[in-house]
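The first chain written gets the first letter, and so on, giving A, B, C and D; residue counts start at 1 in each chain.
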Amino acid sequence: MTVRIGVIGTGMIGQQHIHRLDTLVPGAAVTAVTDHDGEVAARVADGLDHDVTVHPDGFALIKDPEVDAVVVTSWGPTHAEFVLAAIGEGKHVFCEKPLATTQEDTLRIIEAEVAHGSRLVQVGFMRRYDAAYRAMKQTIADGAIGAPLVFYSGHRNPDVPAAYTREMAIVDTAVHDFDVARWLLDAEITAISVIAPRSNRHGLGRGEAEDLQDPLLMTIETSTGAVICCETSVNIRYGYDIRGEVVGEDGTVSLADRGLVQVRTAGTAAVGVPGDFASRFHAAFDVELTEWVAEVAAGSPLSGPSSWDGYASAAVCDAGVEALQQGRRVSVDLVEQPALYR
Amino acid sequence: MTVRIGVIGTGMIGQQHIHRLDTLVPGAAVTAVTDHDGEVAARVADGLDHDVTVHPDGFALIKDPEVDAVVVTSWGPTHAEFVLAAIGEGKHVFCEKPLATTQEDTLRIIEAEVAHGSRLVQVGFMRRYDAAYRAMKQTIADGAIGAPLVFYSGHRNPDVPAAYTREMAIVDTAVHDFDVARWLLDAEITAISVIAPRSNRHGLGRGEAEDLQDPLLMTIETSTGAVICCETSVNIRYGYDIRGEVVGEDGTVSLADRGLVQVRTAGTAAVGVPGDFASRFHAAFDVELTEWVAEVAAGSPLSGPSSWDGYASAAVCDAGVEALQQGRRVSVDLVEQPALYR
Amino acid sequence: MTVRIGVIGTGMIGQQHIHRLDTLVPGAAVTAVTDHDGEVAARVADGLDHDVTVHPDGFALIKDPEVDAVVVTSWGPTHAEFVLAAIGEGKHVFCEKPLATTQEDTLRIIEAEVAHGSRLVQVGFMRRYDAAYRAMKQTIADGAIGAPLVFYSGHRNPDVPAAYTREMAIVDTAVHDFDVARWLLDAEITAISVIAPRSNRHGLGRGEAEDLQDPLLMTIETSTGAVICCETSVNIRYGYDIRGEVVGEDGTVSLADRGLVQVRTAGTAAVGVPGDFASRFHAAFDVELTEWVAEVAAGSPLSGPSSWDGYASAAVCDAGVEALQQGRRVSVDLVEQPALYR
Amino acid sequence: MTVRIGVIGTGMIGQQHIHRLDTLVPGAAVTAVTDHDGEVAARVADGLDHDVTVHPDGFALIKDPEVDAVVVTSWGPTHAEFVLAAIGEGKHVFCEKPLATTQEDTLRIIEAEVAHGSRLVQVGFMRRYDAAYRAMKQTIADGAIGAPLVFYSGHRNPDVPAAYTREMAIVDTAVHDFDVARWLLDAEITAISVIAPRSNRHGLGRGEAEDLQDPLLMTIETSTGAVICCETSVNIRYGYDIRGEVVGEDGTVSLADRGLVQVRTAGTAAVGVPGDFASRFHAAFDVELTEWVAEVAAGSPLSGPSSWDGYASAAVCDAGVEALQQGRRVSVDLVEQPALYR
C-alpha cells in the first residue's frame, strides 16, 4: 500500500521532505501540497515529475480524500491548528517541531488525540533516528555503562541568522537536546537552571540584531535523578558539532568524531567536523520519514516522538526561558500523562 | 522517466538489489526477474508487492521490451554471456563483479561495446561509491597530500566459508582492492608480487576444505610509479575491517575508524569495528545503484566502473594468481585502451 | 649548587618525593627526614643509599642548617604550622595540597610570606606540570580557540577508600579541578553551585562508611565570565580518567585520549584508559619537583602555585561545601590580592 | 654505587647523553670525556658543573681507572675499535648504533665478547625503550592478537640533510625498523626485497646532493614466517611520524596517535604529530640509559640490545643495500648464534 501524503508548507524543509518522500521513502507518494504563498506551492508542484493537487490552504488539503497522511512543515505558529484539523479527520500527521508554540496548544492536541483513542501525531525530533544516538541508547540499554547519571549535550552551530534571538537558544536550539535527553535517559525533565557565561564576541554587535547571550549552560534535573548539562554555542565558527556523553555508574558512552578520513598534513592528524545541520542529520531525516511511513502503512502503533513529547519539550522550553530571564531554577510541572502515551 | 529493470539471478545479492531498486533507488522499477532455479525466481517474484515477469532464462529477460536495463547477479561464469546479450540488444547492463571469469571474455565484451559505440556496461565495484573512499579521493584531488606514492590497502574478513580457496584471496577478495587502487591512484597496475607470511591458524585444518595461505601480502606496481601494498587477512576474527592509507609527498590520507560511539568501560576507550561486509558497504551499494539508474534515465555517459575496469582487474587477478603459484613477480600487460574508455 | 632538602612526613607520597628528589631531580639531595612516627622515618632513612638526618619533629628539621628547602608531605592539618615555620626561617617550602585546612590558616601564611617580602611557598598542584594541560594552556595562549568561555573538567576515579566522605569530593578531589581551572582560564572563581545527580550504586551501602552523593556536578563562575562545569565521579570503575575541554569563541581544546597503542580485537578498536592517579600523573610530579628545585637553586622567582593559589582554592572548597550542604549558589569572596602574587 | 662513565665523542648526541647521565640517570656520573676534536671535548668538559678528565683519545679514556663504563658516541667508523678496546679492559660499553660499519667488525666484537665470557656491550637501539613499542610488545605477549603474522613499520621524516644518500634510507633510517621488528616479533630476518615507488619531488633536484629514491618499500621475511612491510619516507614534510601495526591471527596492535590535546578549529578535530626525532624519542633515550646504568651498577645480566643485535641488523642492512642496488630479493645468512646471546 502506498501512503498518499499531503505536505503543508513548501519552504526549504517542506521541499526537502517532499523530495525524501518522493524518492527515498518506500511506499510514500506526495499527492497534495499547499503553502501560505500559493505561488510557491504551485512552483514546487510544477517541479515534481508527477501530478499533485495544489490546495488553497492546509485545511482543504487535510480533507482531500487523496491524502492519507499529512506532513506539517509550515510556520511554527500554524502547526497546532493543522495538527488538530488532521486529528479531526482521523488522519496521521507528521509535524515538524515545534508541535505548537504554546504549552496550552500542545495540551489541546493531546486532548484531541486522546479523545480520538489512538496516536495520530508524530513530532519531528529527528535525532532519535540518528544512527549514533541510537547506538548510544543501545549501549545504555545493554547495561554496558550501568545506570545513566549525567548527560552532557553540546549543541554547537558555526553561526546563526540575524533573526536569531536570545530565547531561541532554548526554544529552537536546545529543544533538540531536551528531547533526545528525555529519550536517552528514559526520564522526564523536572527542573532547569540557565547560566550565561561570558558572551562570544561573534554574538555581540550584530547590527540591527539583538546581542546574544551565547553560549548558554543549562543544568537540567530529571525524574530519575540523572542530570543533564546542556551547552548551546551558536557562533562557534569551527563547525556544526553535536557532542554528547552519557556518564553511567560503570563507564560512559559518547558520540564519536565523525570524520570519514584522517588526514596527516602540516604537523597534525585531523578528521573533519560537519559544517552544517544538513550534512550532520540528513540521514536521520531519511530514516525518520521512512519509519513513519512504514508504521502508517502497516497500521502499527507509532514508535516515534508523540504529542506528549511535543508537550513535554514545550514545557521545558517555557521553564528554560523563564529560568534564563529570571536567573533562577524553574520547575517543570507536567500534567498527568494519559495512558495513550505510556 | 522510470527505468524498468530486469534482474538475472535472484540469489542473496540479487534479492538485495531488487529490494534496493524497488524501495530506495529513485526512478527504478523491477519489472522482470529470472534465475537458473525457476522456483527461486518465482518465489522472489511472489514476495514483491507489484507484478514482475518471471522469465525462463536471462536471454529471454534481456529481450523483454518491458526491460530497459539489466542487472546481472547470477553465478560468475554466466556473467559474460548475459552482458554480451544485453549489449547485443543495446541495453544498459549492471554486472556484479566479476565482469567475466576470464580475461578473454572481458575482451570480447569490450569489443562488443566498442562496436556498439557507447558505454552500456557497468561493473559492480561498489567501493567507488563509499563515502570514505570518495573523501580519500577528494583529498588527493585537492592536492592536500601531494602526489600519491604508496597505497596501503588492508582487506580483513573475520572468516570465510569452507568453499573459499587459496586463489580466492586474490580473485574474490583482493580484486576490490585492485579496482579501488586503480581508481584512487588514477593508474594502471603493471606488475604484482605475492608473498605468503606464516599462515593464520584459523585458515589451517579446515576439515574437508583446503588449507589457506592466509594472510597474503601483495606488492603491486603501477603506471605512475605509485606502489600498492595489499594485505588480505580472511580469518582475522576481530571484524570486517577495510583499512587504507595513501602516502603522498606531503602527507597521508587514511580511512578513519568507523565507530559511531566511543564507549569507556573496563580500562579502555573503544569504538566498534564493522562485523561484516554488509554493514560496512550497504550504503555504497545504495549509492551505486542510485547513480547508475540516474545516469541511465538521463541518458548521460556512465561514470561508474566500465568494461575496461572489469578487464583490467581480471588481468591483475590472473597475474596475481600466477605470482602466488610461481612465487615471482608477474607483469600485467594490457591491450591498448580503446578511446571509449578514456 | 645542590639544594639540600628536608622532608616532613615519610608516608607514601613523602617516600615517592624522596625517591624523585634523590634519583630524578637534578641538583637535589635529601638530607633530612622526619615523621610523626619516628620509626617510619628511621626506616625510610635506612632504606636510602646515603646518610640523612632523622629529626624528632618538623620544626627541628626546618631549623637544620643542612636543610636548604623543605618539603611538607605530612598529614593535612599539620601543613600550616610547618609552612609558617619554614617562612620564619626564610626557607623555601614545597607543601603538598592542601596548603592549610582552613582559609584562615592560608591567610596567615600569606601574611607571613608578604612580611618576608618574597615568595617562599609552593603548593603541590601538580596538574599545572602535566604535559597535556600545558599543551591546552598553550593552545589557548596561541589564540587558536579565541577567548575561553566554558571549561568542562571531569574528574573520575575508579573507587575511593572507606574513609572518603561526602565533602571530600570537593575538598580532596575537585580542588585539583578548581586550581587547574583558575590557571587555564587565568581567572578567579567567584561563585559555585553544586548539584547531586542520582547516586552511583557503588557509592551506596559502603558498610560502616557514609553513603556518598556521587557524582557531583558543580557550576562555577569566574571573574572573566568563563564558566566551569566540574564533575566528580569517584566510583566509576572503568578507570582514572581526567577529562577536560575548554570551549572558546572559535573552537575548543580537549585532553586527548592517552593510550599508547590501539588494539583491534573482538569487534572493537580500543585504547587504554589510565588505571590510577599515579600512572596518570607521575610524570607531572617529576616535572613539578624538577622545576621547583631548579628555581630554588637559581634563586629565581617561583613560577609554581603560590600561597595565594592555596588560599583561593581553599576559599572555593569552603564555598563548595556550603553550596553542597545548603543546596544553593555560594559566592566566593577573596581578600584583596597582595602585590607579591600578581 | 655510582657508575663512573667515560664518554667518547662529544658531538650532539654525546652531549645529550652526558646531560642525561649527569642529571636524569640515577647512579651515574660522567667522569671522563674525549673527542677527536680535543677543543670540543674541553669545551664540553668546561660546561659541566663538576670535574671530568679530558682524555687525548678513546683508548686512554677506556683505560682510565676512574671510568667504570664507556659510552661510545663518536663517528660510526670508529665504533668497532673502541668497543673492542672496552671489551679488552673488561668494561661495559654502551655504543650508539651502528655497532660497527661492517658485518666483519660486528663479528670480531662478538668473538671478543664471547671470549670474555659475559655480555659487556649494549647497542643504542632506543626504540626498545619507547613506552608505546613496549606496550605493543606486551600486547603481543599477552596473546591478545594471536601469533604475529605481519608487521607494518612506517618510518617518516619531514626532511633529511644534503649529506643523506640513497643507501642511508636503509643503513641509517630503516635499521631502527629492522631492530624493533626483530625484537617485537622475536624473530631473525631471513630475506629482504626493496622496491622504489615514484620518487617524492622533495627528494629530487637537491642541488649538489644526490637525487633520492624516496620512499622505499621493503618486504622482509623472518624466521617465524612473519613478514615485515617497511616504508621509509624521508621527505614527507608533515612530521616525524613513526607508524607501526602488528597484524596477528585474531587482531592487531598499532602505535596510537600521540597528540596530548585535540583541537577543534576550522572544520577539523586535530591532534599533533611530532615534529622531529628528538621530541618523539627523548623519553626512550632517558629510559635506555637509566636501565643500562642500573644493570651495570647491579652487575646483573644486560637485557638491552646486544652485539648480536648489532651484527644481525648490520647483516640486514648489507642485504638491503644489495637488494636495492640489484633490484632483487637477497637472503640474510647469519652465523650460528653463540650461546651467550640466547
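In this text, a residue touches a chain if its C-beta (ideal position, glycine included) is under 8 Å from a C-beta of that chain, and two chains touch if they have at least 3 such contacts.
Quick caveat: nothing in here was measured; it's all calculated off a predicted structure.
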Fill in the blank from the handout: Comparing B-D with B-C, the one with more C-beta contacts is B-D
Problem - Farthest chain relative to chain A (centres taken as mean CA coordinates) - result: D
Completion exercise
Rounded to the nearest Å, the gap between Cα centres of chain C and chain D is 39
Fill in the blank from the handout: Between the Cα centroids of chain B and chain D the separation in whole angstrom comes to 44
Problem - Where chain B and chain C are represented by their mean Cα positions, the distance between them in whole Å - result: 58
Practice task
Can you tell me which residues of chain B touch two or more of the remaining chains?
Solution key: 237-238, 250-252, 257, 259, 264-266, 271-272
Completion exercise
Touching chain C in the complex, chain D uses residues 22-24, 26-27, 131-132, 135-136, 139, 144-145, 250-257, 259-266, 271-272
Fill in the blank from the handout: Listed in rising order, chain B residues that touch chain C in their complex are 237-239, 241, 257, 259, 264-273, 275
Problem - chain A residues within the chain C interface of the complex - result: 146-147, 149-150, 152, 154, 193, 195, 197-202, 215, 217, 219, 221, 224-227, 229, 231, 233, 235-238, 247, 249-252
